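Look for chain A in each of the two complexes below; its partner is chain B in the first and chain C in the second.
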Partner chain A sequence: MNGRPGTIRSLLALGLLALLWPSPLRHLLERDMAVHMIVQLPLLACGGFLLGSALRAHEPRWLAEADWLGLPGLLLVIFTTSFWMLPRMLDAALADPAIDGVKFLSVASFAGLPLALSWRRMPALGRAFLWANFIPKLGAIGGLYLAAPIRLCAYYRLDQQAAAGWTLIAVAVALAMAWFVIAFVGVPMSQAPAQSCRAGNEAA
Partner chain B sequence: MTMEVTAGRVALNARAAVLAYLAVSGIVLLLMMLLGLTMRLAQAQWIDVEPDFFYVVMTMHGAGMVGIAGLSGAAVMWHFVRRHVPVSTAVFLVNLVFFLIGAVLILGAGFIGGFGAGWTFLFPLPAHSGELWSANAAAAYLVGLMIIGVGFLLLHLDIARGILSVYGGLGAALGVKQAFGLAPEKGGPPPAVAASTMVLIVNILGIALGAAVLVVSLVNLYVPSFTFNALAAKNMIYFFGHVFINATIYMAVIAVYEILPVYTHRPWKANRAFYFAWVLSTAMVLTVYTHHLLMDFAMPAWALVAGQIISWLSGLPVLLVTAFGTLANVYRSGLRWNLAAALVFVGVAGWAIGVIPAIADGTIAVNSVMHNTQWVPGHFHTYLLLGMVAMMLGFTAYLTRPQPRYGLGWIGFWLYVGGGTLFVLAFLLAGSESVPRRYAVHVASWLPYDRVGSVGAALAVTGVLILIARFFAGVRTAAQAEDPA
Partner chain C sequence: MKAGFPVLLTLVLSSGAAALAYGTEGFHAVTSEGARALAVERTPRPVPDVALTDQDGRAFSLGDYRGGAVLVDFIYTRCPTICTANGGDFERVLARLERRQARGRIDLVSISFDPQNDDREALKRYGNRFGAQAPRWRIAAPVDGRGLAALLKTFGVVVIPDGFGGFVHNAAVYAVDAHGRLVRILDPDATEQIMAAAEQAATP
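After this line comes the complex of A and B, so read on.
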C-alpha cells in the first residue's frame, strides 16, 4: 500500500460504506427521491473513489495498459451511474434489500473506484468534454422529471419527483458556475511561452 | 492532402485543414444562397414553389447559414489563435467531420423528411407537424444539430485547453486585468486570444443549454405526454441560438484584427478600451437574448426591459472599438487596396450598419410592430451577409494571395457588395411598410420589394460565386504558401 495515506483512505472508504448501510441512515437517505439521488448515490461513489485512490499504487500494469486513455473505466462509470439513476432501479433498490446491497457494491466498485483510476488517464480535453456533457444532461434529466405527467417511481410521490427534478437542475447550475469560475480565475499551471506555440503547432 | 507522414507519425496539415473548412463553407454558402434566392423568387411570383416546400427551404436555409457562419468563423478563429496557443489539428478536423455528418442529417430531415419547423425548432412545433413531417424527420434534424454541437463543443474545449495552458485562466486570456487597469496594456493577450476566449466562454454555455433543450425536444417527439414548459424551452433555444449566431461575428472579426494590419503595416493596438469592450460584450452576449422574446407576454417584464436595454448596448463596445480601430488603422496608412483588405473593411461596415436596425428592433415599442415584418431579416442579413460573410470572404482572399488590383475578383466584389446592399434594402423597406416575414405567398402590393430583392439576391449570388471560384482556383497554391506578412 502507498504508506499511511493509502491506509487511511482505505479505512475511510470502508468506514463510509459501512456507515451508510445500517438501517436508520440508509432509510433516511432513501426516504426522499432527491436525497437518494443527490446524496446517497454520490456518497457511495465517493467511498469507491477513496478506495480507488488508495489502491492506485497497487494497480496491476495490465489493467493500467488495458484502460487506454481511461476510456473503458469511464464508460463503466457512465453505464453504472446511468443504470442506478433509472427510476425503475431506484424502486427496485427500495423494494428489495438484496438489490439495495447490489447498488451499494456496484456504485462503489463500478463507478467510484474506476473513476479514481481512470480519470487521471483521460486527457484534459476528454475530461472537459465529460464535464460539459454531464452538466447539461443533469439539467435535462431534471427537466424531464419536472415534465413527466406521471409518477416515475412507485415509492416516491409526484411532489418528491418534482423536488428531485429541481434539485438536479440546481446541482447542474451550481456545477456549471463552479466550473466556469475555476476556469475563469484559473488554476496554477506550468507557464508555456506563447512564442513557442506556433512552432509547437506546426510540429503537432 | 491534409495528412503527411513524418517520422512514422501521421501529421495533420493545419493550413490544409483551414482550407478544407473554407472549401466546405464556400460550397454550402453558395447552395444556401441559392435556397434564399429561390424563396425571394417565389415571393416575387417569378417561380412557383409550393408553400409546404417553401418552409422546408426556409428551414434548411436558416440552419445551413447559421452552420456555415459557425464553421467559417471557427476557421478564422482557429487559424489565428493557433499562432499564440497550442491547439489540436485533429480536434479541428473532428469538428469538420461532425459538421458534415450533422449537415447530412439536417438536409435529409428537410429534403427527404419534409421537416419545416424553422431552424429554431421552437418547442413543441417539431412534434406538431400537421402530418407534414414525421417524428423521425424531426428527430433527424434535432440529432443533426446535436452532432454539430458536439463537434463545436470539442473544438471550443480544445481551444480553452490551449488558452489555459498559456494564460492560466480565461480571465487573464480575456484581458480582464488590463480592462480594469490592474495590469499594463502591453502585457495583455493578443486580440485573437481575447476574442477567442470570449467566443469559447459564450459558446460553451450556449451549446450546453442547447443540448439540454434538444434532449427534452427529442423525448417529447416520441413520448408526447412529456411536455416541457414551452416558455422555458424558448428561453433556452434563443439563449443557444442567439449566442451561437452572435459568436460567429466575434470569431470572424479576428480576421479584421489580423488581416488589415498586414496591408496597412500598422499593428492592431489592443488597449484598455479594447479589453474592456470584450469583457463587457462577454457579459452582454450572455444576457441579451431576451430581445427575441419581446412579444411573449408571459415573460416577466423585468426580463424584457433588461433585454431592451442590453440590446441597445450589447453590440456596441466591440463594434465601436473595432470600427474605430479599423478607421484608425486604415487612415493615411498608404494602404493599396486588395480584395482581402476591401472585404474585411466592408465586413466592419456591414456589421456596423446592420446593428442600427437591430437596435431599433430591440426596442419593445418598435418590436411589437416590426418583429414579424421583413425588417428583421433585413437587419440580420445586413450584418451577416455584408458583415460576417464579408469577413469570411476576406479571409479566403487573404489565404489565396489577393495581389491583383484589377480582375475578375473585383467584379465579384462589386456584384456582391452592390447586390447584397440592394437585397437588404429591399427587406428593410418592405419591413418598414409592414410586409410580413416568413410568408410563402405575397399579395400584389408587396411584389415590387420582392422583385427588387430578388434582383439584388441574384447579383449577390453571382458575386459570391466569382469570389468562391477564385478561392478554389488558388486553393492548391494556398495550401503550400505561408500567410502574407
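After this line comes the complex of A and C, so read on.
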C-alpha cells in the first residue's frame, strides 16, 4: 500500500528514537520533571507512532482481527503510559540507565506503536470517550502536583514538581480547546495531516 | 470480533495489571519514598561497615553498634532548612532517650553527605547547636567517597543540587536493629513512632 512513504516514516521514527537516546540529550530532557513528562515521553511515543503507521500495511491479519475495535491495543497504551508516569518510575528511570532503556523501548513499542494501529479501529464515540477521559485526568494530575506539599520524586525539587503541574494543566487546556475546535468547527481538508504526530493521531 | 480478541484482551489486562502491581509494590506506593520504606520493612537490609569519623575525630563504623539499636539521619551542616529541622527532631529523641529506663542501647548518628565542606569543626558546630555528644549522638562524615556512595545506596538517600549551592534530599530517620540491619524508614517529625521503632530494634 505505502512503499516509499512507509520507508521514509520508519526511517524518521528510528532516527527520532536514536536521536533521543545519546546521554547528553537524554540528561537534558530528564533534568526537569516537566520536560521529562511532557517532552521526552511524548516524543518517544511519537517515534513508536511513526513506526506503527509505517508498519500498518504489514500488520498481520490475525492481529488486526483480534484487536477488536482497537480495545486491547488502546488498553496497552493506557497501561504503558500510566506505568511510566508513576513518580516512582520517573525516579527509577533517572537512577538506572538500564531502566531508562526499558522505558525507551516500551514507550515506543507499547504506547506509540499500538496507538498508531488501534486508534483507527476505535469508533468515533469510543475516541470521544477516551479524549473526554484523558484530558480532565491530565489536568487533575497537574492539580495534584501543584497541591502536593511533599516531593513525589526523589530526583526532582518541589518547584520543578509545581512547574510540571502547571505545564500539565496548560497541556490539558490546550488539548481541550483543540478538541473543541476540531469537533465543532472541523479541520480544513487542505490541512489533512500525517506529518506531525499529534495531527496524525487525531486524523487517523 | 474474532476468537483472538479474548486472548489478546486477557493478555493485555493481566500483563498490564502485573506491571502496575510491580511498579507500586502491590498498589501500596506510587513514590520511590513510599516504596523504599515498604521494601525495607518487608526485607531488612544489612548496613555496610563504612569507615566514619565523628565530631571528636574518632573513627568508628555503624557495625560498632551491633547489640543495640542506632537511629541514623543524613545531613549537611550548611543546610539552612530541613537538616536544622532534622537536628531538632533528633534533639527531641535525645531528650526521650535520656529519660528512658528500658534495657538495650539506643544511639543516634547523623551522617554528613557533604564531607568536602563538613570537616571536624563543622560537625562539632552542628553537634553543639543541638547538644549532641559522642557516643550517644555522633555527628559523622564518611572517610572516603566510596563509603559515602555505599551508605547512600543502602539507605536509599538521593541528594540533588537545590540550585542555590546547597542540596535537596529525602529526609527520614532510619532505624538499624541490633543485628546491624536497616529495619525501618520513618518520618522525622514522628517522634513517637521513631521511639517505638527504636525500642523494637534494640531488642535482639
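The definition used in the following text is that the second predicted complex is superposed on the first by the 185 of 204 C-alpha atoms of A that agree within 3 Å, B and C clash if a C-alpha of one lies under 4 Å from a C-alpha of the other, contacts with A are read in each partner's own complex, and residues count from 1 in each chain.
What we mean here is this: a residue touches a chain if its C-beta (ideal position, glycine included) is under 8 Å from a C-beta of that chain, and two chains touch if they have at least 3 such contacts.
Remember, it's a predicted structure, so these values are computed and weren't measured experimentally.
Novice: Just chain B (first), just chain C (second), both, or neither: which does A:Ala132 touch?
Specialist: It touches chain B, and chain C stays clear.
Novice: Is A:Ala140 touching the first partner chain B, the second partner chain C, both, or neither of them?
Specialist: First partner only.
Novice: Tell me which partner A:Phe184 touches in the superposition: chain B (first), chain C (second), both or neither.
Specialist: A:Phe184: touches chain B, not chain C.
Novice: Tell me which partner A:Met89 touches in the superposition: chain B (first), chain C (second), both or neither.
Specialist: second
Novice: For A:Asp100, select first, second, both or neither according to whether it touches chain B, chain C, the two together, or no partner.
Specialist: neither
Novice: With both complexes overlaid on chain A, does A:Glu65 touch chain B (first), chain C (second), both or neither?
Specialist: second
Novice: Taking the touch rule as given, give the residues of chain A at its contact with chain C in the complex, in rising order.
Specialist: Within the complex, chain A touches chain C at residues 62-63, 65-68, 71-73, 75-76, 78-80, 82-83, 86-89, 91-92, 95, 151-158.
Novice: Show which residues of chain B lie in contact with chain A when the two form their complex.
Specialist: These residues of chain B touch chain A: 11-12, 14, 82-89, 91, 153-154, 157-158, 160-162, 164-172, 201, 204-205, 207-209, 211-213, 215-216, 219-220, 225-229, 232.
Novice: Would you tell me which residues of chain C are touching chain A in their complex?
Specialist: For chain C paired with chain A, touching residues are 1-2, 4-5, 7-9, 11-13, 15-17, 19-20, 23-24, 29-35, 158, 160, 162-163, 168, 170.
Novice: Along chain A, where are the residues that touch chain B in the complex?
Specialist: 124-125, 128-129, 132-133, 135-137, 139-140, 143-144, 146-150, 176, 180, 183-192, 194, 197-198, 200-204
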